[in-house]
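We just call them A, B, C, D and E in the order they show up, numbering each chain from 1.
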Amino acid sequence: MSENKNEGYVTADGRKIGGTLMEMKNITLRFGGVKAITDISFDIKEGEIRAIIGPNGAGKSSMLNVISGFYVPQEGEVWYKGARRPSMKPYEVARQGIARTFQNIALFEGMTVLDNVMTGRLNHMKANMAQQAIWKGAAEKEEVANREVVEKVIDFLEIQSIRKTPVARLPYGLKKRVELARALAAEPSLLLLDEPMAGMNVEEKEDMSRFILDVNDEFGTTIALIEHDMGVVMDLSDRVVVMDYGKKIGDGTPDEVRNNQDVIDAYLGVSHD
Amino acid sequence: DLTFSALSYRTGPYAANGIPFADGYQDYFTLLNERDGGIGGEKINLVECETGYNTEKGVECYESTKGSGALVYQPLSTGITYQLIPKATADGIPVHSMGYGRTSAKNGAVFNNIFNYPANYWDGASVAIKHLLDLNGGDLKGKKIALVYHNSAYGKEPIRTLEELSKKHGYTLTQLAVDHPGQEQKSQWLQIRRERPDYVIMWGWGVMNQVAIQEAVNIRYPMENFIGIWWSGSENDVLPAGEGANGYKALTFHNVGSDYPLYDDIKKYVVDAGKAAGAGDQLGTVLYNRGLYAAMLAAEAAKTAQAMHGTATITPQQMRDGMENLEMTEDKMTALGLPNFGPSFKVSCANHGGDGFGAVTQWDAKAGKWNMITEYMQSDQEVLNPLIAGDSEAYAKENGITPGCN
Amino acid sequence: MLDAGPTDETLLEVNNIEVIYNHVILVLKGVSLKVPKGGITALLGGNGAGKTTTLKAISNLLHSERGEVTKGSINYRGERVQDLNPAELVKKGVIQVMEGRHCFEHLTVEENLLTGSYTRGASRGDIDADLNMVYDYFPRLKERRRSQAGYTSGGEQQMVAIGRAIMSKPETILLDEPSMGLAPQLVEEIFNIVKGLNEKEGVTFLLAEQNTNVALRFAHYGYILESGRVVMDGPAKDLRENPDVKEFYLGMSDEGRKSFREVRSYRRRKRWLS
Amino acid sequence: MPDQLLFGTEVFLNGLMAGVLYALVALGFVLIYKASGIFNYAQGVMALFAALTLVGIMDGQVPFAHLINAVFGTEVHHFGWNIPSFLAIILTMGVMVALAWIVQQLIFRHLVNQEPIILFMATIGLAYFMEGFGDIMWGSDIKKLDVGIPQGMNALIDEVTYGAFGYGFFIDNLDIVAAVIATILVILLVLFSQYTKQGRAMRAVADDHQAALSVGISLNFIWVMVWSVAGFVALVAGIMWGAKSGVQFSLSLIALKALPVLMLGGFTSIPGAIVGGLIIGVGEKMFEFLIGPMVGGATENWFAYVLALLFLVFRPQGLFGEKIIERV
Amino acid sequence: MFYREAGDFKTSYTDDNQTFPIKFDRYRYYFVLFVAFCVIPFIVNDYWANAVLLPFLIYSIAAIGLNILVGYCGQVSLGTGGFMAVGAYAVYKLMTAFPEVNVFFHVLLAGGITAIVGVLFGLPSLRIKGFYLAVATLAAQFFLVWLFNKVPWFYNYSASGQISSPERTVFGYAVTGPHASAWTTYLFCLVFVTICAIIARNLTRGSVGRKWMAIRDMDIAAEIIGVDPLRSKLSAFAVSSFFIGVSGALFFSVYLGAVEVGEAFGINKSFLVLFMIIIGGLGSIFGSFAGAAFLVLLPVLLKNVLVSGLGWPTDLAAHLEFMIVGGLIITFLIAEPHGLAQLWRVAKEKLRLWPFPH
């Protein structure tokens, strides 16, 4: 793929991908002596599904954490929507329209599914404390309006029946789905998914795939995805970054990556089809 | 029946002090019931309520016992006293805070229903200074006196008096506050060690007393120069320090020991009859005696009230009158079997606090007992009266009370 | 696939158990299964089917989650083990690797592994040998041995959890989702380790797995759980050939593997649940 | 040396000594927290209870005398024997182990895997219970405790420093003994928790109850063990503090002196308890010495907490506490 | 089948957001309000008001306040006593400085002042977490108590350092001071309780509440999804301290009438209120009431049974009371770690299923 940096391209199945949405330039991240990420650069274009793969401990999750502002890299720059991102608190990053899910589920266990998904809308809710204390009026109107958005997401992900269940009681797979719902409720422009399908069986992975594709399709949401299931990665993603020991060892379309000898050695073992 | 209430604290941080007091209070009434059939032919009904030295429980106790027609309250805690001052006044029930509580309640014209005879904290401070004057031939000029006090309203009580007296007598006063509960007093005692005050006066309570005395022993402070208020002068306070506490002094407003005819009666009618409140081993201890003394004063006030109103079944209002007209004389006390047990005093509307007599006791560690080493002396009324007038007037103003005797 | 494999002796037997959480939530509605000695038995099923619950019921960890077995019985070597505490069960040789790793965050990787040998009265030397064995299986752990487990990556934590169980030299391991979050290579590797332990050391396995594909490749016998009930069981070979299993758990239709892009957006029905 | 400096040095030294006494109490907290994540509110009451039991045994008091007398109308108080302190300490230890076992069987066994705040609450329930129980068992009067530890000014230090500076430093013998005991305890406990199998198991339990269960660590055993050790530490603290003030209710309040120490040293660190104790001891004494007179004194209570707070702002897990792992 | 919700369908999100979505609950709530406002004032006497109802109501406010901080926002605080003292001293200064202003506003203002102080002491919460924070808040507790004790301005230079509340009226009826009658003090507090409970409920069901709960459950994740931790925590400190300040103000002015800071607002108070919310249920308004009721009423009840009923000596009864309260706390925790409120919810779930076990 040899397109100009800031231009889009057209995927194999005919979707149009826009210009660069986010670009990581020469990111290096260290924890004491451990180098989690070494000088990695890659970009994410508007509307594409970008996968990050690599063996365990390669630094994939750390990379997502850099994108979402939770880790501050020692070196390198993050460019978002055409501008260099100054150092920011994670919540400010979130307000720029970046939402994510977590590898080790990070739901709010003490709340119901509905409340969890509603937290995704927090950045869209503006009523001040006084209005909320009174409730009737602004706060209630806003609550109902946002609730409608959330209910759409809930319908979309087919979790209506567990709306009022405390998330602590849910099985793993449903929790993952609720997490996705929370991220979607934020209506992000960039959605980061850290192993969304870990711990699911094929049927559930199929469901999850469909949700991801639909989000991408219907809302044009850009998606960055970490996943170990090669079937899923190869089928869903438009371009793949491969990491190993904190270094980038491959970047390209699924087919390119699949046949890259470095990638095969470090990660795939045998070539998957 | 005549109902008396005892707001006691046999639990909580001060239980060790509360128990002997409550026992003494109760045993005296038991004695009256057993021996005399009550007061003026009316049996005494003592309602005990456990406060744990806690203000809120005190409120609960007050509210729950006031319905039973309690004649007088002995709240046994400065906090509860403050809290009851307006309440009891509104309800027309007298309160007797003996040796604690609000000092300026001595002014009966403002505090109609509150009594604090025979002595209050300011009297205590003044008596302590008087004792020191006596030791120094009437001159304290240039002497250094340190006050170690519990950092609370209670502990701060003597400060103003001691300051006024220092102006008069020319000693310098160092104030050393100890935070509740007072387990750790290294800083204060190191300072005392450095500054070597000639005398140390202590306003302590609970564990603070024991630790202070132990620390004084540790730094080898001469114990006979160390004087505690009456709430820092019980056996509980000195025993843990053992031999070292020998010679420690404390103020008192009643006598020590059990060498009185009345105690024979108590043994006979109460302890041996198995009706004692406690184990019966507290007889003659400082706090037991204090409880007994409080009960005796209450009973005498009740008698006075009965005589005044010509009825045996007095009301709280009549009890108040009895208290306001109480007169304790040596003859009266001898008749009660308590000769020389407490000072003589006379209560009046203008003076709800007695005449401010106190004495000094000293601990004899070998014999394991307190000895009274001075006569009763009167506090410096000249200095105290204006202070009391000032404070009570301020209270009257703040609460819209028109002072007056009826 | 494996010819060594299970003996006729049933090591662990679960009879018709019912599990209730919090006194009100009924999760298992009569699950029975048998784990033969020396075999690898797989417990398959979708999310929330009750796999974890079943394993916890066996290892007696339910108690600490306010769950209880209200009906049925669990026997190990013919002996009722429901009332034992988990530690006693480990002494008997049954150890569970919990879902979601559950490493001791503040302990180093090596200390984590050593806790596995807690119940053994083994000598320092034996333990060191086992430690080296685990490091051989998972070289990555050797590199990270001195770092606190809380700071290792998801996959590394999974290795720690499995390694820790191996350290107790168990007779039976209950493995809950060993493949979750592992790179494909490593999944293969871990199952090979399982196989190795099974064949060489004769360790019996009961494993709950979502990754049906791999699980059925390595297991001898499988149970499929749906909504708290066993809906199907049989030798792994048979299950792999079963068209339903193929479609719903292996993601294969008659034409071979489907692309995830081609998934229809309607819920298909499982025949046995209709 | 100028006077002020000499005095300051003396205050400093005494601060160190006071710190050791705080650390003794803090140690008990650390042990239990380390082994179970339980913030044991009842530690102070345990110290009181241990000291009460010790005195009771030494003096041959009849336990529950008051209750027995009230119910049966008897008059029993003393067995009439005196037990030597060494034997009494061993017997008391037995009682503390029994207590640990009961606490484990009746309370914490049922609360495995609960959130820290709930475990904390359970210890509060325990504290309430033991407060009442201790009083009923041994009575609420003040008891003198003397197991033969010397008290008062150390003459040697006084003489030596007097010779050197013309001002004899005051150091309390009791404090010196406490310092020695505390040091030994800390060393033993560090060795235990860092280098033994049980110590490792104990730390594992603190991290994750369920995982610990799953590898076969018996929570029962670990907890009984740790509560017993904590009971022993409580007994030591009770003896030291009880010697200063007599054994009485307020002894349970020494827990309040230990909390800032814990915070500063870190809830999970045994050496932290002692270092934290020293810093707090010196800090509060020096503040009272230097600044106290300007603001009216009695600053020690709050200053200890403020000092600890300041440290925490820079190191949220205390000086030696385990780093709070923040990952997603 | 005693407890039914079937047939109670919601057709709008507004309905679904109601405080009591189930009809039966709603009627019970109205009934309780009716009894509290229209029945009790006519039958209440001094004992019930002063010994039972006032402390219950006032502690309920404090418990709601602390529950917002601890139960909803997850910031464990042991500074409650100190903050109540701020409320008490603020109201005292206000009452004596502006006697012409209605005491109702004094109480509210006292809450506001406490909120400011609370925010100040809440600042370290950004870095300090869990039990470390709990212990750190003790700094506030001890410092505030020391301050009110030390600086005479706070107690208007009175000789004793005690403050006592002057008489103030609302609509011509005395609500503070010795002449206030049982029903006026009761109603005055009840109004505050009701307002506070409603505000708390509104705040906790909206976006502020969700921010708090998100911080409580997982602060890092919350920050990553867009919650500003400092602002959320501080807002929780502010709201919580406001309630606690109000309760402190009422505690002093209406209930006790005279207080000394160390005794009335010592560390024990901090613990007591914390116990209330843990026993009642963290993160539950109803739990705040339940916890307050438990710890206020149970001792009174026990005392009445043991001393008045069985005639035991007061000290034995008091010791036993301690043991029973402690024992009950433990029993409840074992039965249901999430407090009385959760116990109640589980009971309801069971009733719903009755007579079937599951």
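In the analysis below, a residue touches a chain if its C-beta (ideal position, glycine included) is under 8 Å from a C-beta of that chain, and two chains touch if they have at least 3 such contacts.
Computed from a prediction, not measured in an experiment: that's the story for all the values here.
The fewest steps needed to get from chain B to chain C, moving only between touching chains, is 2. Shared contact partners of chain C and chain E, listed by label: A, D. Distance from chain C peaks, on a Cα-centroid basis, for B.
Taking each chain's centre as the average of its CA atoms, chain A and chain D sit 50 Å apart. Computed from the mean C-alpha positions, the centre of chain B lies at a distance of 37 Å from the centre of chain E.
Centroids of chain D and chain E (each the mean of its C-alpha atoms) stand 32 Å apart.
The distance from the centre of chain A to the centre of chain B, with each centre set as the mean of the Cα atoms, comes to 74 Å. Among the residues of chain B, those in touch with two or more other chains are 10-11, 15, 19, 151, 179-180.
For chain C, the set of residues that touch two or more other chains comprises 25, 151. The set of chain A residues touching two or more other chains comprises 70, 102-104, 106. Applying the touch definition to all chain combinations yields A-C, A-D, A-E, B-D, B-E, C-D, C-E, D-E. Chain A makes touch with chain E in their complex at residues 68-70, 89-91, 93-95, 99-100, 102, 106-111, 115, 118-123, 125, 127, 129, 132-135, 139-140, 142-144, 147-148, 151, 182-183, 186. Those residues of chain A that touch chain C in the shared complex are 13, 31, 34, 54-58, 61, 103-104, 169-174, 195, 198-207, 209-210, 213-214, 228-232, 235-236, 267-269, 272.
Of all residues in chain E, only 12-14, 17, 199, 202-203, 205-208, 210-211, 213-214, 216-218, 220-229, 235, 239, 283 touch chain A in the complex they form.
Within the complex, the chain D residues that touch chain B are 7, 10-11, 14-15, 17-18, 21, 66, 69, 73, 75, 77, 135, 140-146, 151-153, 170, 172, 241, 244-246, 248-251, 253-254, 257, 284-285, 288-289, 292, 296-298, 300-301. Per the touch definition, chain B reaches chain E in the complex via residues 8, 10-11, 15, 19, 48-50, 52, 55-57, 59-60, 63-64, 66-67, 78-79, 82-83, 85-87, 89-90, 102-104, 151-153, 156-157, 160, 179-180, 387, 391, 394, 398-400.
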